[in-house]
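Just so it is clear, A, B and C label the chains in written order, and each chain counts residues from 1 on its own.
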Amino acid sequence: MSLPDAEHLLVVLADQIRPRVGADTALVGLHTGGVWLAQRLHALLGLMQPAGSLDVSFYRDDYAKRGLARDTRSSSLPFEVEGRHLILVDDVLHTGRTVRAALNELFDYGRPLRVELAVLVDRGGRELPVAPTYCAATLDLPPGQRVKLAQDGDTLSLRLTGS
Amino acid sequence: MKIHIKGGHLIDPAQDIDAPTDLYIAAGKVVALGDAPDGFHANRVLDATGRIVAPGLIDLCARLREPGLEYRATLESEMAAAVAGGITSLACPPDTDPVLDEPGLVEMLKHRARMLNLAHVYPHGALTMGLKGQRLTEMGELFDAGCIAFSQANVPVADTQVLFRAMQYAATFGYTVWLQPTDLHLSSDGVAHEGEVAARLGLTGIPILAETLAIGQMLQLARATGCRLHLARISSRAGLMLIDQARLDGLKVSCDVAIHSLHLCDVDIGYFDPQCRTIPPLRAQFDREALRAALADGRIDALCSDHTPVDDDAKQVPFAEAEPGTTGLELLLPLTLSWAREMHLPLPLALARITSDAARVLGLDAGHLRIGSAADVCIFDPDAPVMISRATLRSQGRNTPFIGRELLGKVCATLVSGQVVYETPANDKTAR
Amino acid sequence: MARNPQLNRHGELQHLLTTEGLPRDVITRILDTAEPFTVVAEREVKKLPLLRGKSVFNLFFENSTRTRTTFEIAAKRLSADVINLNISTSSTNKGETLLDTVDNLAAMQADMFVVRHASSGAPYLIAQHLEATGRDHIHVINAGDGRHAHPTQGLLDMYTIRHYKRDFTQLSVAVVGDILHSRVARSQIHALTTLGVPDLRAIAPKTLLPADIDRLGCRVFHDMAEGLRGVDVVMMLRLQNERMQGSLLPSPQEYFKFFGLTQEKLALAKPDAIVLHPGPMNRGVEIDSAVADGRQAVILPQVTFGIAVRMAVMAMLGSVEA
């Protein structure tokens, strides 16, 4: 199947978010694709607050089964979380488990005023009651199939992986 | 009871026999070799076809744990282990509880051993009361009670004056003194050979110096007192060299080595295996090679099991806290055979170290099968495998690093004074 | 010889018993994993859910409040339940053996034992016993055994060195002091050689060096001026009180004069050399206060990194199947 152009979706997503942005809004990208997206969105939206990043490895619910990811990175939220409007940014929304882990981690930094979720692609297959606030495209993929964001130089693209 | 041991290959190092030879036994003694004496009618014929018939083995050091340490082992269990290992005579050190420092204790031990009617037991009396290195024992009385030599077991004498006098006194009567050469202070907290392994594992080392200093001192004391000295459990090449030199200088001294020192070295401690905790400690590999060679060329007179049964509770503790010692009675023959095989030594030479040579060290008329001598015999199959396992060891001590190893050399039958005291089930050749 | 008992069949870390024989990529992975944990300490909620519902037993057969506390903090930051047992004062006095104690605690559904013991090899005995009795899902962390090993200390020192110096393969490192009795020194030496340090030096009087220390990959020095010349890292060791005077050393004063780290001696090292000490320090015995509080000392960062490294070890063990 042909996948939509990620660069185009990025613009669509920025357009959705733009009207809701305030002085207190900060983006938080989820490793790895979400961090790339958050940086691009940050530039497109001209936000004041620097973008943060979360590596949710320590909060994953499959830690006991799969162990720690080999390349866990430090999370970084270069702003006060307390009372802030935060937008979690990820490339693909699937089961919803990553978002749950991210919410858990976020609240260990403080109590934000509002948390929203922006994703490039919603591919269905939810296992938790999670819905995106902003979503550039929906895809209907068979359960075994995975889609993820790739970065080649400055250009983002979507790729299919897995069976 | 008349026994005919038929079809076996007789090896008797003392008589230089290494040939297929039948053996005839009557009234507990060897009565003929080769052809049956006139009118000999055997009550029992032991078929030894394909097997070696040798003098019963003599072990220079086996702890039977009686009196006092019966939770570790009993005379019954250890004597059964001895004959299952082909051992027909054994010397036991005085480190029992109480120590063998009174004639009554020695008489009791001899009596108990005689009642069991298995191997012959030759106790060593304590050199000092309680092995404390302060007061001499009544060596004369102990000798009359049955002690064949005097020893400190593994306990060093701190006071040189006491050791000097003990050796003078023993020399007065012509008794042999057995000493395990270890300097008290240089070994006081030590648990392993001082070297790379101890450095890595963080175990307190016992330097080779602890052995060489003690040997040097003991040799000089022997020279000064005229006491006959036997150095027990030599562990190092440097120690051997001192003994060589003393012999060149004309001193009569004998020495032995423990069987585990021929096969293991400090590296075998691995990840803190408490079964490898011994006195003296397992030394470096080059020490082991030197010991193997010295035993082969006779610079070490004899080999012993240094049998020390230790219960599991005393071994299932961190290395430094573990009781030293290994069980050895049932390993002496197979481990001697593997040493011989690995060194390409003729079987008679190897067997001499645990028969005739050991008898010479003990001053016994034993360890041979001359006509008229006590019929102490070991019949074994040198090529049959024996699995060393907790289940098959008869000794109450299952403490050996050789558990789980398969060795070659299976005892088929043991005779003490013409009595079959051990045989493998049905002495069945198909069991091979 | 038996399989390295701290790795499982897949070569993963099953127990942490020593840094010796620990593959380089396992050490690197522990250090990498520790990095994100350092950030956790700066957050509002200093807790991660990784070991939620797990029980960590601190089995201290030898007292050490400081070490026990660091493990306790690390385990609690990972949301584990921590049970502290000072066994030196309880069961062994009643005749219970070490393995009896272990069996009892294992029956209380322990997931991890942090073991400190005065005898070298005690944590091995425990790990081997757990394996022999089919309970190898319980992980053992050595928190110091006799003179043998203190692997988390060794690893936190590696983390500290990497933090300041990045590349191990260009470094000169000196380990100074009572190496004979030091489990810390052994853990440092094995880790440093595995990580490829090309110039490793041991500086001590002969009475405080084990035999054959050179076989572990150290060059031996008995003179501080010679040994410290040009080094990037100085790793000081603690001198125990009972060893300061007797047959090993004549007096703490003489030890300080010849082997204590002063500014003058440190000046012989590279200008940007760092100074480590596992604590607690004996000021004026092995280290001068001017150095301990000076700009080259990284002794307090060591403590901070120590929590992260212990969290990393626990988190990695907690996700390994037997």
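The rule we apply is simple: contacts are C-beta pairs under 8 Å (C-beta built on N, C-alpha and C of every residue); 3 or more make two chains touch, one makes a residue touch a chain.
Being a predicted model, the structure only gives us computed values, none of them experimental.
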item: Chain ID, smallest distance between chain and overall C-alpha centroids; value: C
item: Pair exhibiting more inter-chain C-beta contacts, A-C or B-C; value: B-C
item: CA centroid of chain A to CA centroid of chain B, Å; value: 76
item: Whole-Å separation of chain centres (CA-atom averages), chain A against chain C; value: 39
item: Geometric centre distance via CA averages, chain C-chain B, whole Å; value: 44
item: Residues on chain B engaged by chain C in the complex (per definition of touch); value: 194-196, 198-205, 207, 268, 270-272, 274, 313, 316-321
item: In the complex with chain A, residue positions of chain C that touch it; value: 29, 32-33, 35-36, 38-40, 43-45, 47-50, 315-316, 318-320
item: Residue ranges of chain A in contact with chain C within the complex; value: 55, 57-59, 63-64, 66-68, 70-76, 81-82, 104, 107-110
item: Parts of chain C lying in touch with chain B, wherever the complex brings them together; value: 1-2, 4-5, 20, 97-99, 117, 119-122, 124-125, 128-129, 145-149, 183, 186, 210-213, 215-216
